[in-house]
């Protein structure tokens, strides 16, 4: 039995033909832009500025996805890097061992190789999302601080488990011998997924920014929908939200799962950028790095996370001479910000909702 | 049989350390309702201060006198108490009325600050160090072929002595009464004339001092000190926090009980199941407890007014 | 419409509400009064699922709702306001009302991301309903403002508007006139009357302002220390010696 509201909604709904262009337009624009950037910019493998640009893309995906949990729903997750790791390793398994199975070696393989990579990214997202569901469902019923500890613990467990695996296999015969799921035991251990060949380096500006487009569009549309408002309600006042009919646990888990999905994709992009995945770099320090971006940009602001990701990707490069002090500066900034401006740069608003831009983007009647 | 005894002994030793650290977490959570993420760093500082003090007194080269360890203990506890006091006043006090999420983030900031300042060349540096031997370890006696080392017994003994002192402090003194009142209802406590600021500061100082003691004991037993930002410290602190939760967060006796339990789970898991997964066992227990009885063994639920 | 039979709740050793019963016919407006600490808000919390009654039964439009979670009870058709205002402070006035429409939508989250026709239609329907409510509550001019910046009286009205946005059958108002001046209270009186007729609501009202309660409530239940001490019309209740005793004197205007 449909509600009165939903029936009215169906009356007011546009036909699919009318709706489709609106849905596709931003995605198409983003993908076209990604293609153009790929063609115009030098390869990240050789050019430092290009590499930084690529890293910005990956960090944007990480920050925006974490914002869905920490920002939109106000739940404090500290294990985001764990999902990144899971996604990265899942994707690497598919491309690396898959390459052995299909072509006998783990090099990049043109169009079909890229197709494999795309599938690997999707798989990375789905695996991370599934894990997000398993971790989120029990933990999100708990109070804020507890979730932080549980997610932190989760990130650490992922790291510990990965570090227990065997060195990566390097011959097609061995790969065939071990088979799937056996190869999951050969992820490189503490030394990381690298070794003689390394992960095929499919990540380029196009892939990174194509996925950035999907992430940004998804995050923004989610935020502006009734679901996004439900997220924000849970953050603002959970008791009131529940009294107004919002299934708070379900909402929190949804945000958590979607965030994990995108973190998994980011992990895949990360692993296929340099061709290596090291569990030590995917621990809570990485989670903290992402948290700092979300807090700085403003918890709840998609564009804020983008701005913060840009700043905090470029800054370490700029601060390289005083690298020791970088984390000290970060830490101090975090403390000072919480005392003086806890909402970060943009708070809950988007860039275009502030000041001079406001006139152009007012809610239509 | 002797293996069980050995594992029990190890559980007791490790569990005492976890208990000492857990007390700091649980006391702060009791009065301010937030997890002091920087607490594990106080523990780390306790160990490193002990090292630096021992070096300054020249005991890495010359044999130390019998009063070396107690002196370092008292000094380390005082120093860390001061650090705890400073952190509370500068970083946490301004946020007493802020949403809990903000304080959590600040605590992370403080933790990162301590860790990274610690790694600076003019501070503790990035090289792992070895703690000078302040106590000559030897086997005091054996039961069933299991050697009871002096250091282990000292760890257990000192830890329990401190816990007893804390017990007296919290349940037998006026200041302790203030602590319990504030943890129950801050507003009313202040209306009753209790100096809430003083009580909070005292709680932080005490918790930090206990963590410092744990740090020294850790250094005496394990001697290898990794750099300040190494995950070793955070992991230990995390497990101590799990102990606090398992025992019942906010409950002082619960912290001790939790510490012993987590110590046992870790050691028995490592000895009888599969050693590299020791951390996984501890976290699994955390998940289990939070699913079944989030208030822990001895804790009680806090009801929010609607 | 709402049948409450002998509900009780115990906190530790204290029985906060004992053997409470109430019957609300469809479309009526009843009051729940009593001295401070009598357990009135606790009754609301029991009705809306915040607390689970240790005994007793609650039936909303024939359906048993005791033991259900608050969001399920909201979906079943019971909405409330809070004694201490619980608005979504950082969000706009418009968004506060729109969120309350969420439980009546059927779009999936994927649908929202893909901008499905259903999503687009429902968004328009939500906007339509929210604007209509804001106009009734005379808040449409402030729809973009942050809820926390509203004057106190407006915040209380917004809470009521938000509750009605959930499309309820029963509306529970917890001290809606608290902190209002006489003109505002008069406007509130008219608003509650209008809203009741316009939306066909059944209303239960907790109030300390006796004038308001006596004027608009058809029947009144008086609570003291968790126990019902009187039930009847305004005239009956104000002359009941037990009620007078509970309040230590004749009921007076305001507090």
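In order of appearance the chains are A, B and C, and numbering begins at 1 in each one.
One rule holds in what follows: a contact is a pair of C-beta atoms (placed from the backbone, for glycine too) under 8 Å apart; a residue touches a chain by one contact, two chains touch by 3 or more.
Just so it is clear, the structure is predicted and the values come from calculations on it, not from any experiment.
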- line: One chain's C-alpha mean falls closest to the whole-protein C-alpha mean, and that chain is A
Statement: Chain centres computed over CA atoms; the one at greatest distance from chain B is chain C
Query: Using mean CA coordinates as chain centres, what's the chain A-chain C distance in Å?
result: 41
Query: Taking each chain's centre as its mean C-alpha position, how far apart are chain B and chain C in Å?
result: 48
Field: chain A and chain B: spacing of chain centres that average the CA atoms, whole Å
entry: 34
- request: Going through chain B residue by residue, note those that touch at least 2 other chains and give them in order.
  value: 306
Message: I need the residues of chain A touching at least two other chains; which ones are they?
response: 239
- request: Going through chain C residue by residue, note those that touch at least 2 other chains and give them in order.
  value: 50, 82
- request: Write out the stretch or stretches of chain C touching chain A in their complex.
  value: 48, 50, 69-71, 74-75, 79-80, 82, 86-91, 94-95, 98-107, 109, 112-129, 131, 144, 162-163, 165-167
- prompt: In the complex formed with chain C, which residues of chain A make contact?
  reply: 2-6, 8-16, 19, 22-23, 217-218, 221-222, 225-230, 232-233, 236-237, 239-248, 254, 258, 347-348, 362-363, 365
Task: Can you check the complex and tell me which residues of chain A touch chain B?
output: 74, 76, 138-139, 142-146, 148-150, 152-154, 156-157, 160-161, 164, 239, 283-285, 288, 291, 295, 324-325, 327-328, 330-335, 338-339, 342
- request: Please give the residue numbers of chain B that touch chain A in the complex, ascending.
  value: 29, 34-35, 91, 94-95, 98-106, 108-113, 115-117, 119-121, 229, 231, 234-235, 238, 241-242, 245, 276-277, 279-280, 283, 286-287, 290-291, 294, 304, 306
